[in-house]
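Labels run A, B and C following the written order; every chain starts at residue 1.
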């Protein structure tokens, strides 16, 4: 093999991809999929730009000019899925651990809410009020997510996908087969958002604002964490765990903590999703949705926390209006091909395409010819 | 700046799409049709759509003096997908009447949704779960087809007539088979039959070796309530394991899907009794006309079945109800469709398999057919009618106080 | 160390032995039939999972399209059997068809992504969705049940205690063993096998010794994919072919490989036996909790031996 091919084989970042020793496979797996993000640490390095304000105004004013259907089915649904996908982006893009168990964690939160709160299954639900049931559901989901993380971090990056997928499917099978707790195939119906202070959150517009608030919360939480020492350390661990270990950082603890944070975000998304659908069944946490969340995250791009939300909007739009554009039956083919195209040609998703377009067409004037 | 521009363009495109969906003329009636066109019931869903379209074709696309515009949607047997699709049809495409969905779990979810849209009339597609109209019924959700338990009325007696006194149940573990088993057992147990063992198989499980290993020696027959792939699989494995007990079929077990499957084992099905809302060989003129119409409009070469399946029939019945109702009110859907719904609740619907009336929960009271599998001259299998039972209601002939919705443990007669 | 190992073996073995004793006393026929069922299912899982672990072990490529290859092989085998009437031909056809597609995937797509494991895995996810939907579009959603060949159809009678057992299923036992032995011979007694084993240990060194690594990779992927297709034809008879089977078999392979050890064919055998037996006993004795057993095994293995029972540090 000639030297050129050898360099090619060594991977884009010039690091050794065929490491003889054990353990540090995270050095070699496809980090080229997620180029390092410049982390701004001073507020003046990250000013609020005009486009930020525009997006903010658009999102807040959305229910005013959109129909209730769009507000609810497109707006609220995308934001809820975007939140769950955000947890995957956080773990994958910034932690280097692609976990397919985020939908599972969201599902655990949803199921716990149905079991502890009120649902149509009087025999199985405890019927507690939402302000007890929701925190309990999120707490249980976070504990479960941390447990899943603890199990998954003891192996390297690429194994995480396999293990989390297996856990996700095991949970789906559990929900499907168990009747004493999870009510099997039926799942739980009539799990509705509560009426708080006179506002009925089952209505389209109040629910949209609730989801929007949570989405903002998740987004700014992630942005804050990324700039905090914990987040910076996490990205360092993503890039080179051995070096971070040598510097004295507890690699496993950081990773598990990242899982816990991601579990919290996914759990909130899960609660919102159950309220959106008004029900939860094993199919809500089945393989197709587990993979769909990954598709959403990759579609949008893992280089920035806005990516999953963009991916979710595109996904939900496609899913809703597919039947008007083409055969709804071939939806899977379309979404699979889009995903394939993104991974093959623009691994940074839509955000990557956007950045490439900017670079190509928005060259500064007077530049080098 | 540019990112905001992109978002705004996207927003305007979406808004445009939203408004373009609401253009319609006063003379048209929009009917939404939902069936599963993806996933395991895809073939049944496609046939259901054919049945519904046939009902419209038979009246040249008009009812009550207005033109019918059909808008289709698809789901994949998941309740959340079904609700999303229904929501789109009702709130985005602004349909006046909604027909669907196909499977039991979806039906319950769509019924719950229908309570949020009191001015739209929802008619069932083919979902057959008992709970849809028995538990928390919705005042604007109508089901003109009988459900899983009603379909099995009369089969208990037929089984005892054949000499099956001890029967083992092998069924999938979800609501529809529960109702089927209840429909069978409520009669069977009452007239002296015994069901020593019920084996509930997880949905999607393909390995029946464990269930087959547990079949006791002293039973007379197996009540197999599996659908589609699972039934085929079970038959195969059972024969290979040396099994020879006769079978009693649930309504979807010996349906067209299974009788048409591409394998060599179908001969073992001859003689199986079953029950359901229809039978291929029923000789009433209305039924024959329906079958002929289906075959004329949907030849096998276009992907249809040789004779209409259960899904085609049931979707046809429900769509016919919608259209007959429109005729009766002369197309008047004003006043929140109150008059329309009132007419639907009171009318007697003429279907290819007999008359159907609705009970107080807007659930159909109809006919059940007991059938037996026979082989015809061309070597094809179909169901011959042994008997039919009219006027089957959702209480299965029991008093309201005695009746409990079917579940894994209910009813029980070991 | 030795005491620890003994302690662990006892902790696991005693409850199992107690259960076995009770089950035999309660219904011996059921116990032994279930044992046979579990072992034969394990055989199928082993054949499919060995392909998966081969590809993973050498190329660090988690091929999540493995299930789609299983489905593809099954369908091809079904149609060949229908047209020609020969079961062995169908087996061969299933193997070859899947192997060709696998070869295509490796040469046209994965070769350019060497080293980017995560990206490769995502591509396999995309491919699995696309292939599954294309198959659904072209072949339809109906059941395709393949018949066992005449010489394997029907029950095998006259067995003591259990009386009768499916001939076809019984044949899976020796088949699994034969495939296992053939694979072992291939990996340990042929030149290419030697290169594959060397590559699993150290890819860089293998390239440095002048071996055409791309050829080795392509061969391995083809064999791995072919095994999936071969398993598909076997499964088409026993379990029937329907969209959805691809996901089921993929997950079974995942669990087998996680439990048994990644990159080890013997590990795949061990994992397959554990999974097959656990699943079958679970279904026979506690149907609503069978998945819990599988899950508990998965969690235990991941907690105490993250690389799998026979997995090497690599």
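As a working rule, contacts are C-beta pairs under 8 Å (C-beta built on N, C-alpha and C of every residue); 3 or more make two chains touch, one makes a residue touch a chain.
Bear in mind that the values here come from a model prediction, so they are computed numbers and not experimental data.
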Of A-C and B-C, the pair joined by more C-beta contact pairs is A-C
Using C-alpha centroids, which chain lies at the maximum separation from subunit A?
B
Taking each chain's centre as its mean C-alpha position, how far apart are subunit B and subunit C in Å?
37
If you average the Cα atoms of subunit A and of subunit C to get two centres, how far apart are those centres in Å?
31
Touching at least two other chains at once: which residues of subunit A meet that condition?
173, 176-177, 179, 329, 332
So subunit B residues touching two or more other chains come to 42, 173, 202, 204
Going by the touch rule set out above, which residues of subunit C reach two or more other chains?
136, 287-288, 290
Within the complex, subunit B is touched by subunit A residues 49-51, 54-55, 58, 62, 65-70, 72-74, 77, 120, 173, 176-177, 179, 184-187, 189-190, 277-279, 281, 283-284, 313, 317, 319-321, 323-324, 328-329, 331-332, 354, 358, 362
Taking the complex as given, what residues does subunit B use to touch subunit A?
1-4, 6-8, 10-11, 14-15, 17-18, 21, 37-38, 42, 72-74, 78-80, 83-85, 87-88, 91-92, 105, 108-109, 112-113, 135-136, 173-175, 202-204, 408
Subunit C to subunit A touching residues, read off their complex:
60, 62, 64, 109, 113-123, 125-130, 132-134, 136-137, 202-205, 207-208, 210, 213, 247, 251, 254-255, 257-258, 262, 287-292, 294-295, 298-299, 302-303, 306-307, 313-314
Can you check the complex and tell me which residues of subunit A touch subunit C?
1, 6, 8-12, 16-18, 20, 22-23, 25, 28-33, 98, 151-152, 154-155, 157-159, 161-163, 165-167, 169-171, 173-174, 176-180, 287, 291, 294, 298, 329-330, 332-333, 335-337, 339-340, 343-344, 347
Would you pull the subunit C residues touching subunit B in the complex into a rising list?
29-30, 33-34, 37, 41, 82, 136, 140-148, 153-155, 157, 163-169, 237-240, 242-245, 248, 279-280, 283-284, 287-288, 290
